[in-house]
Every structure is written in C-alpha cells, then in structure tokens.
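By written order: A, B and C. Residues from 1 in each chain.
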C-alpha cells in the first residue's frame, strides 16, 4: 500500500481494524514510533472530526501534525496540465504538491468533488493530482469518491458491536437532505462492508443508484421498510443522484429514519458519519437512544487514523 | 468546581491567584503535570490574547492544545432542541459537543452573546449547551455574560499592585464606543472584585445599569468625576445597554478616561482588558504612561489560564 | 543583528548559509537548543511555504511555533499614532505588538505593501511598527520591501549549485503577470546577490526600474535576450512598477521565460520563489525540466529559517 485511498483487501483491512482496537485500549503504546516525523494535513474543504482525530492520532504516535486549510489560508490551485495561468489560480498543483511532499513525511488530503463535473469526480481528479505530484505517501481525508478513514472507523465499530452475530445484516439507507451531498461516504461504506465479507442491502428512492463500481455484490431494494427488516446495522446517509449527476431528485420525508422505520428491526444499531441533520436524516429519538452508534464511530476515527499512520511508519 | 465559568468563592479564587503568581515566577515548574492530556480550545468568535495565552498556559503544563475556530474552519451549529434541521445549521451542538468531549480531556469555549435575544444571553444559552453536552470540564474563554479568565487575570494584577494598600478603592467606569459591546467583561469584573471583598464603585451614564446579579454590593454613581475621586484602580470598559438590550444609548466623549478625568486620583492605576480603542475609550497619554496596567493584565492572562488548567489536572 | 529584516553583511550572511547547509545535512542536530522557547508567526497576508517552513525550522530546534493569521483570525489593527479609533480598526499596533512581545521569545511577521501608498511602503511602515513596539527580536516573513528569508534560501541554493563556477553570472529577469505584485522578492534578491559579491544583471521592460537602493551595482539591461547570454542563474520574477507606483505597465508575453529565451545560456539554472504562474511567468518546459531549481529553493526555506532562528537563540 503506497497510499491510503481505498479498500485494498480483507487481510490488510482486518489488520488495520485490529491495530486500531489495540490503540483504543492503549492509545500511547507506540508513542515514540513516529518521533521526528511530520504529517501535513491539507484541507481543501472544511472539517471538524477528520481534522482533530487525525491530529490526535498523529500525536499519539509522536508524529507532528501540521494543518493547512488551503481553502482559507492558502490560495486557489491550478489542477490542469498545460494551462496558461492568467486567471484566478495562483499556484499549480504540481508545484504546491511537490513542495508539501518535500516538507512532510506523510501527507493527508481532503478534496471534495465538484458535483458538477462527473467525469473529473469519477476519476478523483483533484485528489489524484496531489497523489501524483507529492512524491510521498498520501492518506485520503475524503476525496471526491471515497472516505476510507471513515469507512475504516465504521468497520471497527461494526466489529465492536457484532461479537455475537457473525453474519450481520448491514443496510445502507438513503435519507433526505436539503443540499447536494457527495457520494464518498456511501461509496466507501459499501466498498468496505462488501470487502469485509458482510451482506449489504442498499435502499434508496429510484434514481439514487450509486456507482456500480462500489455496490457490486450488494442487494438493491427500493422499498425501505423491506430493506430494514431484521437489520443488525443501519447506516443512514444522504447522497445526491449519481446518474443525474449531483442533482437532488427527492426530499421525501418518509425516508427519514425513525423508530417507526425500525419496527421490524428490533436489534438494529444505527450509524451515521456525522455531521447529521437531526429530524431531517435521522430522528432525535434514534440519535438520543440506545441504538445510536454515531458517537462510537466518531471516537473510532482517532484509532482508524492512528492505525493507518502507524502502518505507513512501518514502510 | 466541575467547570470554570464564574466566580465560585473567595477561598478558591485566592488559591487560583496564588498559584498563578507562582507560575509567573516559574512558568515551567509543573511542565510534565499534564503530559498526555489535551485541551480543545473552541472559538465561535475571534480571539488573540485569549487564544494565545491559553495555548501557552497549556503548553507550560505539558498539555497539548488544539485550536478550533468554529466560526471559520467549521460550520454553523444548531443550538435548539427538537429542530428540524432543514435550514442553515449543519450539525447539532449535542453531537458536536459530545464528539469534542470524547476527543479532549478539557474543553475551553468562547461563545459571545447575540445582544439581540436577551433571554437567551442571560441564560448563557450557547455556552450552556456546550457544557451540557460535552461531558468534560469546560473552561469559559468568554461566554455571553462572563469572562472569568480575564477577571482572574485582573484580580492577579490588582493583588500585584496593591501590596501596600489593603483596602483599595476600585472603580469600574463605562467608556464610549461605536459598537454594541457585550457585558461579559464588566459583569465578571464586578463579580470577582466584589467576591474578593474589595470596595467597588461603578460609574456610567444613566441607562447603562448592568444586570444587578453581578453588581449587588457595588456603589453606583452616575457622576464619573465623583466616582473616580481617590480611586486606586480604575477599570475602563464599554458595554451596551442591558435594560434597553444591546442598544448604544450614548457615545458622549466626555466619558473617555483621560489624565484630566483622574485629576483627583493621583495614584490611580488604569486597567483595560484589551483590545482598547485608543482616544475613544482611553487616551493615549494614559495608555502610554505609568498608570496603565493593561500590558500586565495581558501577560497575566497566561498565568490565570495556567492556574485554572492546573486545577483541573488535579481533579 | 537585533532583527532579521535585511542583508546585513557578507560575513554574517555566509555564516547563515553555512549553518543552513549544516542543518540540511542533519536537521535535528540542535533539536534541544530552543527547548522552552516560543516563536509567534504573525501573518497579515496569506502564506504556504513561509508558514510551513518556519514551523518546521522552529520545531527542528525545539522551539514551539504558534501561528496567528491576523488577517483571518484576528481583527484590523490601527497603525497610525494618535488616531481617534472610532472607525474600523479594533486594536492599535502598539498594544497588540507589545502583548505578542510579552507572549513570545521571537516574533516573525509578514506584512505586504499596500502598493498604493509609496511613501509608507518604502519606509516599511507596517512592519516597522511591529518591530518598534514588540520589544523582541523580529524575523521578517516578507515585508513591504524585502523578503530576506527567501533571499537567504536563494543564496543557499546558488552556493549549492555553483561549486565549479566561482564567479557565476546571475540574472534577475522581470516576467509578465496579471496582478500588481510587490517588489520585495526582487529587491531582496538583488540586495543579497550583490551583497554576496556576485555579478548581477537585471532585465525588465522600460518603466520597471526597481528602487536604486537595492540595485546599486547591478547592470541594468532592457534587452532580455542580451541580458540572458551565458547566464548561470536566472531568477524569474514579476513586479509592478516602482516609479509609477504599483501599476502594471506591460503584460508582454515575449518576456515569459522559455527554453527559447535561454538558447544562448545552455547551462543556466532557473529560479523562482514560488508560487509561480505557469506559462505566464515561466514555461512548463522549464519548470518541469532539469534547469529548474524552484523545488530546491522551496526546500531550502526550511534551513534558511532554521539558521536564522538558531542565530537568535544564541543571542
């Protein structure tokens, strides 16, 4: 693994999960492993959990984290080859990424999709340009199409709450939202859940099919009630249309997950990557009740990041 | 003390003052006391002194500070219970505070008042929601109604410059300003000065009465000249009207503190929390002269914060 | 040297270059030299390389860096003496600089020129006010008229690539740009190159003469082709007019540096401080080819800053 950008294989993922759980028990057990190393955390988009959890993860390993909010502290980067830079962009990604690569041992980058240029987003163009030109291991802090640290934290959480149930039924359900939301969390959750060998049912209104690249092997069921029956883990998430790219096709409130929605899934635990819009995506009753694992997922973000950084320190 | 949000009692405050003065002599004397601990400093409003002094204070104790400018780096938080979040707010305080609580050992939060919703401000609603949901000790970095770290630094400064004068006359005088300014610094200064047993005179134009919750026991005198006679410490501060909530009722320049204003207070030292608007609130001649303690107060912010953080490390 | 703001003399500069190269070989050789010390890095303007390289430099020496983006996290500072502060400025530089001076052991400050008030810019007014009132050693992170850390990094790079050529021909060439750009990098490069005893040719369209304060001793040649003949080092940079202050007099694309421009300088290495506008100032073919030293310069920024901070730790 040269970079951490996606699900690689079950064996490696299981290793990362196990290491994360070991760090959760004893966060500082490798506190000098990264002495003298630095990670540059570069945000082209806002962040709370991802930024802080990555800083804490690095610090637990003795790695010095430096955060760059390029969207606020820096300037507009040119991503395209061969451009005559006589407009708004101030620096080419080639030059900026190479400099950052020379300043840090590991880079971590967040680059959201445009949701307007499907072709570029599918190819993870902006994120890919950083990887291409930085010359150092790159950890994705969410790219246009994937959010692997979130997915690793999600799988850690599933493993923690799944001890007695070896073949959990995992359901990913679309939820309403008022904004056009990226596909990255949903894509990665499907990719990792399937990759770990779990059975996955995805439910969403028609027109909200995800990129088949990530969902191959999952059961697609447009009837939410039916999809949720006997679920063990229900992952709630909005995303905009992939086929009618970036569009909001529905805000149907009946898709909000409530206790009523789970009447036939008495043991279901409910997951969400946060930030969550209460009473739009998920009801207060669920978020404030015993089913909710959202705070556990958020806490596991620290150990997911710590496990991945630790892995790169070994290479 | 579960949180540091206000004056608690004279004994504890004296203990914090004495510890602060010990740290001022030897800033690193407890430099490993907080090893492995983290403080999350969350700003919903801008800061210079408060942010840096808290970072230095934490670092002096071995505590790792992480700063979050939520107003710039984060997103709008929903503060109200039960809202359907289909408008501008992206995350509920319940969820954000709980995550931050799980990431840090101590939280420190700045949340200014609206100055438009008196009821919510009086109840310190926003700050209170953080305290309610974070599950960790919270240090106020200025809330809607109090600024206790500033007041602790002010009392440290008064103690330093008051050695020969056991019963100093302390005066809090309103000063002109062009913006509607919160009551927090004035409230807290009154609360702490009275709590420490000092005699306090408050002077302001009519209509600028502060919340009696904080000023009970002080002498109110609307004639500034009379109030300043024989003063030992004069604290200069603007605030907007409390009764006609958030309004500017006067910008009368005769209330600016000058050498002339202090003609009958030859020994008076002059204090201000900074930032100060020169020649509007306070004259250059005073700020650049020997009476001014404003730089001492600013420096004492470090040791005030260090004393409070140290206190929480003991619990 | 009380502050690091400009070229002082050849002996000191050579010492700083040599120390920087020693740090480049062994970045952590003085890793405890600055234990317990803090540097406050104050940005009134955006930064990427300068901010990160200074943080890394400080950290290599055990010095704790704290970054303040005053342009974004702080508030507007009043720079003028005696002003009645009843407008947009919130704090006077006198007060803010003195507080920062009391919080840090070393300050580092970036303050760009207005490009509208020539008199103030020439006198480095804003930067000078910080120096005047901070009471601590100040390192320039680029002021209105100089960028000495960049120039030190540039001289380090020239020394590295100049081993066989004791008297290199150095050329500073103006390049087109679409924005009005400060003179600081060009001024400082001239000042340091001449100060180190190198021969310097400066080429630019008519009307782009730099302040003679910095260029005295250089050959001025308005024919770019002629200037570039047999050059060993070509420094490419745009600047706005100095005489017709802050104006853009030309965007003539024939001044962009290309391989064609260097047809009579086969061994020329090409330098730029970054960020560079590709295919406007410099062609892709040069930036992506073997002549380009731009990444080396950027990396040397770390060791330039480390050398200077180390120097102040000795005093």
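One rule holds in what follows: a residue touches a chain if its C-beta (ideal position, glycine included) is under 8 Å from a C-beta of that chain, and two chains touch if they have at least 3 such contacts.
Since the model is a prediction, treat every value here as computed from it, not as a measurement.
Visitor: Testing understanding: with touching defined as stated, what is the shape of the graph linking the protein chains, line, ring, star, complete or other?
Guide: Topology of touching chains reads as complete, every chain touching all others.
Visitor: Quick one: how far do you have to rotate subunit A to sit on subunit C, C-alpha fit, nearest 5 degrees?
Guide: Going from subunit A to subunit C via C-alpha fit gives 120 degrees.
Visitor: Please compute the C-alpha centroid of subunit B, do the same for subunit C, then give the distance between them in whole Å.
Guide: 40
Visitor: What residues in subunit B touch two or more of the other chains?
Guide: Subunit B, residues with two or more chain partners: 72.
Visitor: List the residues on subunit B that touch subunit C in their complex, please.
Guide: 28, 46-49, 51-53, 55-56, 59, 69, 72, 178, 274-280, 284, 287-288, 294-295, 298-299, 302
Visitor: Residue numbers of subunit B touching subunit A in their complex, please.
Guide: Per the stated touch rule, the residues are 36, 38, 40, 64, 66, 68, 70, 72-75, 78, 81-87, 90-92, 94-96, 98-100, 102-103.
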